[in-house]
Amino acid sequence: MSDFEPKVVAFVCNWCTYAGADLTGTSRIKYASNVKIIRFPCTGRIDFMLLLKAFANGADGIIVSGCHPNDCHYTSGNFHAKRRWIMFKELMDFMGVDMNRITFSWVSAAEGAKWADVVNTTVTRLREMGPYVSYRDLVNKSVEEEVKNE
Amino acid sequence: MKFGIYPGCSLTGSARDYNESVFALAEAFGLEFTQVPDWNCCGATAAHNLNKELSLALPARILALAEKNGLEEIIVPCAACYSRLVVTRHELKKDPELKNRISEVIEMDYRGTSKILNVIEWIDKYITPKLDEKLVKPFNYKVACYYGCLLVRPNKVLGYDRAEDPQTMDIVMRKIGAETIDYPSKTECCGAGLSISRTDIVSKLSGKIIEDAEHRGADAIIVACPMCHSNLDMRRPDINKYWKTDFKIPVLFVTQAIGLAIGLSPEKVGLKRHFVEVKIS
Amino acid sequence: MNNLIARAKELLENKIVQVIVGYEAGPTGVARPAFITNPAKADLLIYDERCVQNLAVYLTKPEVRNLGKMAIVATLPVMRSIMMLISEQQIFADNIIVLGVSSDGSLLDIADIKVMQAYIEKSDLGNPVKDRALLVELNKLSKEERFAYWQKELSKCIKCYACRQACPLCYCTRCTVEVNQPQWIPVQSNTHGNMEWHILRAMHLAGRCISCGECGRACPVGIPCHLLTMQLADEVHNYFKVYAGTSEKMSSVLSTFEPNDKESFII
Amino acid sequence: MARIGVFVCHCGENISATVDCGKVAETIGKLKHVAYSTDYKYMCSDPGQTIIKDAIKEHNLTGVVVSACSPRMHEPTFRKACAEGGLNPFLCEMANLREHCSWVHEKNDLTTEKAIDIVRSQVEKVKLNSALQPIKVPVTRTALVIGGGIAGIQSALDIANCGHKVVMVERSPSIGGHMSQLSETFPTLDCSQCILTPRMVEVAQHPNITLYTYAEIESVEGFIGNFKVKIRKKAKSLDEKICTGCGLCTTKCPQKKIPNEFEQGMGMRPAIYIPFPQAVPNRPVIDREHCTYYIKGKCKVCEIVCPTKAIRFDQPDEILELEIGAIVVSTGFDIKHADFFPEYGYGKYKDIIDGLQFERLASASGPTTGAILRPSDGQVPKNIVFIACAGSRDPAKGIAYCSKICCMYTAKHAMLYKHKVHEGKAHVFYMDIRSGGKNYDEFVRRAIEEDHVNYIRGRVSTIYERDGKLIVKGVDTLLGAQPVEIVADMVVLATAGIASSGAEELAQKLHVSYDSHKFFAEAHPKLKPVETNTAGIFLAGACQNPKDIPDTVSQASGAAVKVAALFSQSELTREPLVAAVNRSGPPMYSTCVGCFLCQSVCPYQAIEREDFKTRDGKIIKTVAKINEGLCQGCGTCVALCRSKSIDLQGYSNNQVYAEVVALLNEY
């Protein structure tokens, strides 16, 4: 377990966090290579189903990040996203899905260092938590169920 | 409707004149009070300088007692007591955790359901509506209404009248026939509790308040706070000595002025207890 | 009840409406929905404790709509559903007459939407009492226990989508589960796919669920799936201080925002 | 069958120092549908771009992934290269191997593996890209300028001089705005009217400008290039074509006791009035609220005296409907008045006035013809106090912002006073002197050093009247917080600038956002200060925040250029990365069920309704429709849509889904 490296997918908006991660690069700040970024125009575009798809496809953790409140390039996408994540988080908690596997953050285009920090903190936490077996088992078990049914 | 009254220390001591006039008015208008049973000190200016929890627990106990005895409204004639009670209600409302802690300290359940009225609110609600029919001797004087600090401040907590140039007492006084003057010293500091320890400061500050009223041609200063009254009235010799003046302007409680206007005798409203003579024509 | 029948007759006879949507007793005595177009048949209408189904589900069905202007026997959840459907522009207030029934079965005088709104506003809008108790129990469990609980429950799901069909607010003509570009929800019924379906359903009802519990009642295998949407209805009220279905002008919690919405998990 | 080309850039050594670019190209080259994969030192260089262009032709590529730096850096470069190579530019994606990989990780196998994952996800995405065409929107080349102050005047003239039609709407009876009320202007002390009135006349006479005064915006619909605007022309109660503006009616009107708005209430005007002598248009209007005829039903003196019989008592309001291409909002500002200040007597002291009232006192055309006389008794004040930051920079009063113009005009006021009352004493209480601007600080220094204005750094706690004098109590913080008491004859408050009344309602009609103080919000505080978040609507002047004349005029010209640029072509071209609601044949027409929850999430009001009807006009179904002219492509509606009926070009459900799957799975 000690050499476990979590797979992390980051869902970020183009205008703040993607640009912030660009700044991390330009500033040559190093962070864990476990994270892979998917670019969206806005946090408002991020469908909660995509997060489930990431877990189902083997992600051990997820980062969702966008513009700070009031900084949205589209003025309000992040506010809508915030409400969506509040609901999603409460539902996941209620269903027993471990929300410690998802980091929600606001990282602006100027916060290159914060981005590195968000990634590193998340990866460190996930290393301790280990692979997301319970969700993956669900998928694997489901495959087995089908095989049995057939 | 059962009213409570919380007299506090001054109404039973140095401000008996105030107490008498409040009760005289109540009697004249057929209103009855129940004193909050087993009441204690409100903490006044001393407690909140020493210990925040104590300064909240003391008034909270008074309020809890009022609730326990089914007093939906309590009138608090002393402005300092009024301020402490309202501030406590405010603090406990915004912090439920603190409320629970204080409830434990006073060993009583505090809910914050009793309404707290200052003397002018009480007058506005119960006296003013019937004032016209009872008015027999219009108070035909030019008066300076002096509110002091605790009746209107902190404005955000009390939410009562305007913080600068308050008007409620002026309106009541005009109703009984008085002419109210434009009086910028309305909320200036009288020196308050320094009355004992630094009488010189009180003399200086209260002197300015009196000078301004006299200068503007007032016949009387009207107050609604026992502390203000004692500083402006009882300390008059000190003030005159400090300023080398001979200010003679009398200082009346708003309840006394109303009492006179509805025909109560000067004795009945406690005027004889004043240090500065109140000459009634 | 006689009032209800009389009113129904009057509405049909005077051609104010073409159909009454209500309850009648089925052959085995179980209450079932009735669509009464003939005034003579209005006597079939019943309203008693057997009548639990949320009839609002029929308001958006073309088969019922095509019958013409309708009157509907409406309990509180039905009224709230109607509010939601009006606010989401699925039905028009002018096209419907509400035959409100109170919890004790008496006919209410719901003259218009304003009256209905006033009635809704003074009612208890929280989840039904028995479901509240279930939610409290579930919330007491540890995360792992809850995960196990839902896995066990959801493994039973056969993806019949009765929960969706019974819900007055699942009125989409094409559901996400029918989208295969991309295949958001696996077609087969397996625990993982079932779970994603129920998450999707609950999220789509977040801020919209009016706590009628119809989805749970409709489930043929007894999954308490209504608890998912009811939990969110509670959370909606916790966070945003609103209950769904209280006004015809209501905008859904997830399609609006306040700049100072509070949360504690975004870093 | 997709044929993807992958081009891995070394970026000199920026990428290749930590990522094995050769290995990336080789691994990716083995993927299904990847027809060509290569690496090169500098992909963005001319030879690099040539590699791409040649490969597109040679391998008949259907998509390109350039694996290099951030798309925020070079996406336009490579999309252009693809277009030149004959591939639709929107079939090109970038994998960010530099900022998101090589620069932030150590050199090791994991880093190269991550690079491969990133490229693979872009390959999967680009397979699903569609060839998109830029969106063309027609443009109506007529601008609407709302507000006829100096900002509106400047914008209108600049746009009109570019040869475009302009409609100017002003709600008061004359254009000119606050600038026409000013006496002299800082820092040059030239007369405001002298520099403004020629421009007002120019507006009235310009062949390209149509002026509607005493008119307001009723409603605004549509989008950039294609607004439909309704204007309410309030009844002036006279026929403007016949009226000669002789003004006889205004002298004969028996009702003369209406506070004159132009004089800031320091003079009176009749019910039929021309706001000021230089007004444009120079025609009177009847103020129906105060006119005796409208109140009591009789009078009609103006009708009797009018030599041309121009009075029309029964004239109705008129609604005009105009097609507009762009809108400049220049509704200006108001100021707080003395009654806003409890500590200064809630406005009860006549000799405490605000800055605009002082302007009128100092103005040669004002109520005192330029003499500084105090309102209470008409005496010349010997001792005058100016209080800067009255209300501004005071969170306790709800106005945390700096009103920007007060420091300068207070210095000007003090100076004007000293120039007129030589023996008088002028005191200024200030918090800081903010005099950034060309020749501004020199101006303030002149007031202090040459005109000997007494500047006191500190706030004024209270003002009250005693024996006919105003007692000003303050503090001098530069003298160790020493209390200061000044016995003044008059006090001038430099009160906070606030949004013009009705700004909020107008913003809502325009669907433009505004801040908590009701000032209109710019699209970006630094890089888009003239634009709003609604395309085609621009801001000029103090409707955005308090501004002085030079700033206002500059911004007004800036807004005019934005409008002129928009009008430079008959069609508007926009990036096609917008949302779309699906369509299909009858009977479905669309999977959209018409709940319109998407309408309330859209920040741009880009979602409209489309009805599908039978031949006899009966509505079968109403579904959402995206206005491509307005949509900015945020995609919030896409994620909200329950039936997945909306999708976003460039970030489609299919594309992002494929990205997630590809990032996590090796093939």
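To keep things simple, chains are lettered A, B, C and D as they appear, and every chain counts its residues starting from 1.
Convention: a residue touches a chain if its C-beta (ideal position, glycine included) is under 8 Å from a C-beta of that chain, and two chains touch if they have at least 3 such contacts.
Nothing here was measured: the structure is a model prediction, and the numbers come from that model.
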Subassemblies held together by touching, chain D left out: A, C | B
Comparison of C-D and A-C by number of C-beta pairs in contact, larger one: A-C
Innermost chain, where centres are averages of C-alpha coordinates: D
Chain centre separation in whole Å, for chain B relative to chain A (CA means): 62
Centre-of-Cα separation between chain D and chain C, whole angstrom: 45
Distance between chain centroids, defined by C-alpha means - chain A, chain C (Å): 33
Distance from the mean Cα position of chain D to that of chain B, given in whole angstrom: 52
Numbers and ranges of chain A residues touching at least 2 other chains: 48, 53, 76, 80, 84
Per-residue overlap in chain D, given as positions that touch at least 2 other chains: 601, 640, 653, 657
Inter-chain touch pairs (all): A-C, A-D, B-D, C-D
Contacting residues of chain B [partner chain D, same complex]: 162-165, 182, 184, 212, 215-216
Chain B-touching residues of chain D, taken from the complex the two chains share: 342-343, 345-346, 348, 462, 464-466, 471
In the complex, chain C residues that touch chain A: 138-139, 141, 143-151, 176, 184, 186, 188, 190-193, 195-196, 199-200, 202-203, 206-207, 228, 231-232, 235-236, 239-240, 253-259, 261, 263, 265-267
Interfacial residue positions of chain D with respect to chain A in the complex: 70-73, 96, 98-101, 103-106, 110-111, 114, 117-118, 121, 513, 533, 577, 601, 603-604, 632-636, 638-640, 648, 650-651, 653, 656-657, 659-661, 663-665
In the complex with chain C, residue positions of chain D that touch it: 588, 591, 593-598, 600-601, 622, 640, 642-645, 653-654, 657-658
